[in-house]
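What follows is a set of structures to go through.
Next, two complexes with subunit A in common: one pairs it with subunit B, the other with subunit C.
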Partner chain A sequence: MAYFGNNPQRGELQELYADLNDLNFEKKKEAVKKVIAYMTVGKDVSDLFQSVIKCLEFNDIEMKKLIYLYIVNYSRQKPDDAIMVIQNFRKDVRKSENPLVRALAIRTFGCLRVPKLNEYLIEPLKDCIQDDDPYVRKTAVLCVPKVYEVSPEICPPLLEILQKLLEKESNALVLANLIQSMREIEVVSGKQIINLNQKIIQKLLLAVDECIEWGQIFILDYLATYNPQDSKQAEVIIERTLPRLSHINPTVTFCAVKVILKYLDFLDNGELVKNLCKKVAPSLISLLSWNQPEVQYTILRNISLILQKFPILFENDVKVFFCSFNEPYYIKYEKLDIMVRICDSKNFAQVLNELLIYLNEADPHFVRKTIKSIGKIAITYDKALDKAVSILVEFAKNIQSPTEPVQELLIQMQLIYKKSKQMYKHEDSLKVIYSIIDYANESESKSACAWIVGEFGEFIPKSVEKMKEYIDNFQMEDRLVQLQLLTSAVQLYLKYPSQCSALIQQLIVSAKDSFNPDVRDRTYIYWRLLSTDPEIVKNLVCFNSGTFSNFSKDLRLWETQDLVLALENMGSISNLFHKLPHQLYKNIKIKVNNQQEVKIYKGEEKPETQVKEQQDENQQNIQKEQQQDIDLLNFDDPPVNNNKNNNSNKTDLFELI
Partner chain B sequence: MISSLSFINQKGEILIYRVYKDDISRSEITQFCAKMIATKENKESPIINIDQTSFIHISIKDIIILATTKTDVNVAMVLEFLYQLSKICKSYFQGILDENCIKKSFVLIYEILDEVLDYGIPQIADPNLLQKFIQEGGMQQEATISIDKFRSLTGTITGAVSWRPPGLHYDKNELYLDIIESVNLLISAKDTVLRAEVVGSIELKSKLTGMPECQIGMNDKLLMGKQARMTKQNGGIVIDDMKFHPCVGLPKFEKDRTITFIPPDGHFQLMSYRISENINIPFKVNVFYSEISENKLEIRLKIKSIYDKNVYGTNIAVKVPVPKNTVNVVSATGLGKAKHEIEEQSVIWRIKKLQGDVETSLRCEISLGATNRDQTWSKPPLKMEFQIPMFTSSGFRVRFLKVMEKGAYKTNKWIRYLTRGGDYLHRL
Partner chain C sequence: MFGISSIYILDQKGRVLISRQYRNELPANIHETFNKKLLEYDEYTQKPVMIDKDGYTYIFIRHNNLIFMTVCSQNANCLMIFSFLFRLVQVLQEYFVNVEEESIRDNFVVVYELLDEMLDNGYPQTTEFKILKEFIKTESFQLKEKKQPEPANFNVVALVSNKISWRKEGIKYKKNEVFLDVIEKLNMLIGQQGNVIKSEIIGQVQVKCMLSGMPELKLGLNDKAFFEAQGRQARARAVEFDDIKFHQCVRLSKFENERVIQFIPPDGDFELISYRLDIRVKPLFSVDVLIERKSATKIEFLVKAKSNFKPKSTANNVEIFVPVPDDAEQPQFRTAHGSVNYMPDKEAMCWSIKQFGGQRDFMMNAVFHLPTIVSPNRDKFQKMPINITFEIPYFTVSGFQVRYLKIQDKSGYNALPWVRYITQNGEYQIRMS
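So, the complex of A and B:
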């Protein structure tokens, strides 16, 4: 049989037409198969519609399925022809004693998606929802959202039947599909369709034990969006969900984790919460070593959320996130990210030792990300600073070409020096870094180098010559580099006025007519200031700041108030991209989180949640301020307590101009 | 839920395409194929979002199975479903899923796709069950099968024991148990164990009559602690986590940690487990790299089997990484053979059989070519593969397996243990 043949030429279509109308059954069947093959590769065979549906007369189930597939595909193009099939469907639904045939008919009927045909569908669909056979019932139940999508106006009576079924249905599989079907309608309509009561919840919990894995997922997923009335109810639901942690399907386990974590907030009993955490953690860890990397990836992407709300779960388990040599890189990236988040003032040495190994990996992106992670840890944890710098310096010693990791190394070293200027002494780091400065070839790393030359001019041999080299190439640089060069050159000028005066002249000449207004403006500001009062400039560009204590980075990914909602959606696509559903999907309504206070679950020794939260908040604000400074004028991060001083400088400056 | 499913080959051609919802067009898929699959960009992440359409895919050798959706679905579920789908296809094609068998049996695949998803919502994904009513070449003519059979079939599908049809009969009732453990090990260059973990599974092949209820018991510390009659020396092991086949009654397990189940017919995985405490590492490995001269490198390797004397490790392969510019390798081994394999960039030392408590060694002299001398060689980790029958790294043991059935027949049971190397790595 030709599968990937050429286009169905006119002759071929005619041949098919002849075969379809042949009296020989086998010939007909082969022809139908051929038609489907053409359809698969995207060829238009809709012209054969009439001949194909005529083949329905035969009572052959395989052929019936193929013809139905064909009808579903072309019904929208040929609505008038599709009407002819309706009698067939109705006959199958009403008369066939075979439940599989009844289900097949109603399933396909629902897929036609032709509005004017749907009115013929309502009555048989009602019958099927109340069919004796659960297989037919579950198929019919899933048919309702199909109809709703195309003709919502004729659906209200169907919805009533569904709600009634929800109350009386006893088959677990039908129930699970019913819940999912109603949720689909809720998504399309934006209205709440499912009305829960105590009895239904009980039934759903029972059904979880009895139905197939997908059904369990539907029900658990749904329960995660429900808010229990009280601690007692939360406890019952958790209790019924716990066994699911041992299911072999990782998604069932994951959904169970989701439900349990969500309901923890509603429990009064602190001891119980702790015990539950102990049960959830190993289950989650097993999922992380699941042998399907794609599944692992989705779990990892969700861990950041879990980590933020439940640091207690992975307290002593940083090892779980160590990368394995043969893993796909998309997994390694996620693990790296998580390791930085999980790192704290106690386990940083362990993490850094591990990151050290990754510096040997072959993939430059991965090495780059590792260096960035080391930098992040250095900046976040004071205690880690020395060790991190040693690692980076050791890495720098072996550099022989302008690779990607080198760029990141320079950027991170700049940040580390900004945090603690004294670090330049550590293991001669400045000397080593200066030796690789010529390997910078990205604007950000170049600007970092310019900053280093300006800031440490007095410790660097031939710093003025280096600066001259940069300024000679000034026109070719990116805006970011140009801005930094201006500041750094001025800084150097203040350190070596006589040697640099020609240099500054040259710089001003090449920068004052820049097309970029930022560069131009900064040039003029420095120029005027230098010609009026160099002392003010000194205050502006040189700080003997010592160590910044507020440099700490905020590693949180989610806004604290979003945590509860995000948790409800754990495992979803939006969550995978670290967003709330309405941020990714325009048609989803913003859901408001009614819980006032977001609980964070930590281990025992750590300080009070509330205080820590506030600190975080403060740090974030401070960081924002700092960032503004960097963005606007690149004032080399004035220490916050100097703010007032700084402001007065600024006013002076304006008066002067 | 899922809007469409496609099977795609490596060139990005669509082999099978089935739509479940109207919100996706074929052109979006072809675009994705041309842009992502043909350029291999899809390797960078299994989930790609383009204009509110999410493309979720897995690769089974050369075949990519792609699901698309426009709604905020549960990604893990979709992925797991795709894997199950691949298993279903394989079960129909004798374990192989490639372009040929897809093209040959596309009618069958469409039939399967019709049954496993409805409106994009996962339905039946149990291969055994599907084979009961979807068969290559079509079912027998309807007339020859009584309607009652169909009724009982739909009853099974929607019932609480969907994995086992009623009325099975065997003249000889047999149960085969395989306990297979994979050791994942990571040892640092300084010989400290960074991670040691056993992921094990119990595979069962059941040939049993009727609706038997089985109960299995292991040397699980938590369970045995409850049974006072156990002596201390026999205290059992700590199992971090267990995951069970749907046939296991989970509420009962949660309540008192007993594992009871009505087994599916034939071969299936009953459970998987993970153990991270008190792992017996089966081999001790010592490696020394030393530079003899500028273009000569010497590697000395010693391994010692640290399992019982009456146990034998088989098919042992030690992959010793060597630099890219290796030209020639001269090696001497105490046991087995060592060979330089260029594609693997390593010397692979294979030993067919190694008795417990035996030490053996490998010495290699490596001649290096002149290229790339200035680049320092970053050694990838040393990897070991092996199989050790009748040994478990975790100490895991099945204590009993009871079969209870109305017929009260006698069941013959066979049990095998096997430990093999998983991600078994020594950093150098």
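So, the complex of A and C:
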């Protein structure tokens, strides 16, 4: 097998073998480096295991690190040989004066991940967790989850020691790693391992001040999952977290935001809540204009969640989400999405003006989405209709080919006409749209065109000819288009009975034997009705503008009861994909399910009153500023509230995208 | 929240330069899955986070043709990983200056050592270059310095787990000096009528610290909130920060409570403060472009640039990029100030003016020939923004000022602080139509 693939030639291996066994130290060291180089590029050098291990005899730290790297890589392939190294590890841990060496040994030991070796690890690991040197301790505590992953059954004594350490440890860095380790084991095992008390929380808060940035992240992130006992405690924790908003590491800032937002639910003092919101918002906005787009992207993906629970944060800041020309498209898409979400009857003109610019972008898919957004705003806000249609018509005038955006344009125009038929007069929109009707090449846009021809037959010159053209191609169309064609043709027939009778005949003949039962049924229904009572058909097919109110739908990105859990996971991968952790990671243990139940309980029971208060407050604010406004941002209405405040005009943009 | 499962440094073609596994086993060739996944996307749809059908998440950044990629098999903190990757690149830059394929290959042993120290069980640990360099050295470092005796490592260990992890004891300079560079970048988006759509100042304070011992520094700014906290009348030129962020050496709780910036600085260069101001500023530069189509094959631009800052300031290296049709050719430029270049690859002409005084205006005239066969995107240029780059020394748009810098050390030496100010363009764009 050595003749194939990536494996080094036998000669090379032999040469290395010779060098490794050479008496000259420098030569040995060079050989070890070469071995690692081979390993890196994926060549198999596991056959040299014995010889490499022998080099451990030299007390050279650099070489030791390399050999350990090698062992970690191949221990799973050669568990029997790896046993021989155990003695070295134990010796290093027990005897070495140098904490670096002790830490290195225990770190590497933990990475072996061979079940039968782990029992040899327990004793030295215990020693290291209780080592005098914090550097060794911080390494050792991170070692426990590694062992737990492979052999959970031998870990209980270790967990006890961890809890003891949690109570007496005073070094900030060790404490941070400790919390992180225990938290990981909690998630993996589904059991509660961290037992907090007032003293430990105090200690953690103190450690946040003294710790390196990553440690601050571990602690803050953990605190965001903790439920404070009362308003007082929440206040204290928030107070200690506030300074972190000024940290240069975006993750520290974001974790601080997370903690504060989470604890807001537990505060009694409404004034304080408002003040805190004022402090948090600028920090978030800074993160949004962070100079690394990857960071921006992660924040943007989390904003939808924050918006759903805290619309108050971005009330007057739609500009923050304006795209700049040179941004990567993945940022632009997110911003566009959010802009539509925070569009309201106050700022729609500003948003539309901005969207107008995006129609010039190079990416057809982005332009398409922009058109969709414009349509959505138009349908949601009566006041925005005129402006939106003007923009779309202007865009339509420059169309010369059947591009992707054109399809969306036709679809959105249909929706706008459905909402308000009168719009066909505005800026001569019908004439302009009709001139590009032949560019439709998707079934949805085609069906939109068929609808327009039927609905506006009397305003379109040669509409009957157009319909004939469509019907000639009837067999080739999708089901969606066929169904619309049937209705539109009948509509047109009612307007021009004499000119269309031949047309209808032709249509019925070609549709009545359709393989699709929907199409067939609809054909027969119209056929029967037309031959009995055309008046009924009229009521059936003629669309009454104004009845078109089923746009109002309640589509929140997150379920209300999921908000609390989602908020705790802010910044994580699952949130980035707009999912809950257990939805994305099937192997997350039952613990999460339990947790989730608890959280649903808490999310509805306890905070509910506060949420309501907050909402009322929000509503008052909004009402003060904008009298009869459609309240788009208030996602959080509990059902009771909903019935009271909702009226049929209340629409939600989100559903439509 | 979990850590990183493994980290890869890949070259341009997706070959592995460095790979290090931290957690549970991953498929051996997972980087190949990543490479395949990359190909599924184009420039419009590519995102920096991808997930595959087995639930492995790939989080990556690019740097000089290298890809720094991490695989996570669990629900890790994505933001933290990005922050870490950027920090990793930064640390590697401090080690090798140019982080590229060759320097990674040549120093792979050091890179492994660093990865071993900077991440444990997939969680970031010590990432401070000033500490790492104390015990992980490149060969060139080692050749120069004498081999450190073993006990030196003890200090290092103390440093890692110490409160003040960014500075070691016993630093000595003959002449004690601190240099502060206040750099403000102006992000601005201006509409075609000259109206300001968006304006934002991103500022930072860069410090070069050459001080002995463990000095305690106190920095005073003309911060409006500080004056208010002190109960004093705010000065006319006080600045109201929307957001301000500090290097980890600054005592954040002290700042939060008293608005006092106090710290023990790291040695050498570091970024002390970054801040953001969301204020409406008048455009420093405005540009008007008049386009005249003389005939079907000829287009003429009349460009007028005006500076709106005080006459005593001068902007250096001003470059104004005006978009032109993508098929324009045979340019003819006329201007009394600066020089103009045609940049076909950017579909723009670049008008450079070495020195642009305050309250001045300059004109430039450009004529292009257009081929008779019309390019499909010929009119696209009118939709692209004008970009401007510039530098204005001794000036901050926001009015940011350092009021004092007090330096105190046990040994009681005198030290000199130096401050420089400069304003630069950030994303400074003017929409043409």
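As a working rule, the second predicted complex is superposed on the first by the 567 of 657 C-alpha atoms of A that agree within 3 Å, B and C clash if a C-alpha of one lies under 4 Å from a C-alpha of the other, contacts with A are read in each partner's own complex, and residues count from 1 in each chain.
The rule we apply is simple: a contact is a pair of C-beta atoms (placed from the backbone, for glycine too) under 8 Å apart; a residue touches a chain by one contact, two chains touch by 3 or more.
Please read all numbers here as calculations on a predicted model, not as lab measurements.
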What does the overlay on subunit A give for subunit B and subunit C, a clash or a fit? clash
Name the contact category of A:Leu100: first (subunit B only), second (subunit C only), both, or neither. both
Partner chain(s) touched by A:Glu15 [first = subunit B, second = subunit C, both, neither]: neither
Looking at the overlay, what does A:Glu186 touch: subunit B (first), subunit C (second), both, or neither? neither
For A:Pro581, select first, second, both or neither according to whether it touches subunit B, subunit C, the two together, or no partner. both
Name the contact category of A:Asp60: first (subunit B only), second (subunit C only), both, or neither. first
Answer with first, second, both or neither: which of subunit B and subunit C does A:Asp533 touch in the superposed model? neither
In the superposed arrangement, which partner chain does A:Phe366 touch: subunit B (first), subunit C (second), both, or neither? second
Subunit A residues where the subunit B and subunit C footprints coincide 33, 36-37, 40-42, 61-62, 65-66, 69, 72-73, 98-100, 103, 107, 110, 113, 133-135, 138-139, 142-143, 145-146, 149, 171-174, 177, 180-181, 184, 187, 209-210, 212-214, 217-218, 221, 240, 242-244, 246-251, 253-254, 282-283, 285-286, 289, 292-295, 297-299, 319, 322, 324-326, 328-330, 354, 357, 360, 569, 571-574, 576-577, 581, 584-586, 588
Can you name the residues of subunit A that touch subunit C in the complex? 33, 36-37, 40-42, 61-62, 65-66, 69, 72-73, 76, 98-100, 103, 107, 110-111, 113, 133-135, 138-139, 142-143, 145-146, 149, 171-174, 177, 180-181, 183-184, 187, 209-210, 212-214, 217-218, 221, 240, 242-251, 253-254, 282-283, 285-286, 289, 291-295, 297-299, 319, 322, 324-326, 328-330, 354, 357, 360, 363, 365-366, 569, 571-577, 581, 584-586, 588
Hey, which residues of subunit B end up touching subunit A in the complex? 1, 14-17, 19, 21-22, 26, 30, 43-47, 49, 52, 54, 58, 69, 71-77, 79-81, 83, 103, 106-107, 110-111, 114, 118-119, 121-126, 133, 137-139, 141-142, 147, 150-151, 153-155, 157-158, 160, 162, 184, 186, 188, 194-195, 197, 199, 240-246, 248, 250-251, 253-254, 269, 271-272, 274, 374-376, 378-381, 383, 423, 425, 427
The answer for subunit A against subunit B in the complex is residues 3-4, 33, 36-37, 40-42, 59-63, 65-66, 68-69, 72-73, 97-100, 103, 107, 110, 113, 133-136, 138-139, 142-143, 145-146, 149, 171-174, 177, 180-181, 184, 187, 209-214, 217-218, 221, 240, 242-244, 246-251, 253-255, 282-283, 285-286, 289, 292-295, 297-299, 319, 322, 324-326, 328-330, 354, 357, 360-362, 398, 400, 569, 571-574, 576-577, 581, 584-586, 588
Subunit C residues within the subunit A interface of the complex: 1-3, 15-19, 21-25, 28, 43-49, 51, 55, 57, 59, 61, 72, 74-80, 82-84, 86, 108-109, 112-113, 116, 120-121, 123-128, 135, 150, 153-154, 156-158, 160-161, 163, 165, 187, 189, 197-198, 200, 202, 242-248, 250, 252-253, 255-256, 271, 274, 276, 278, 380, 383-385, 427, 429, 431
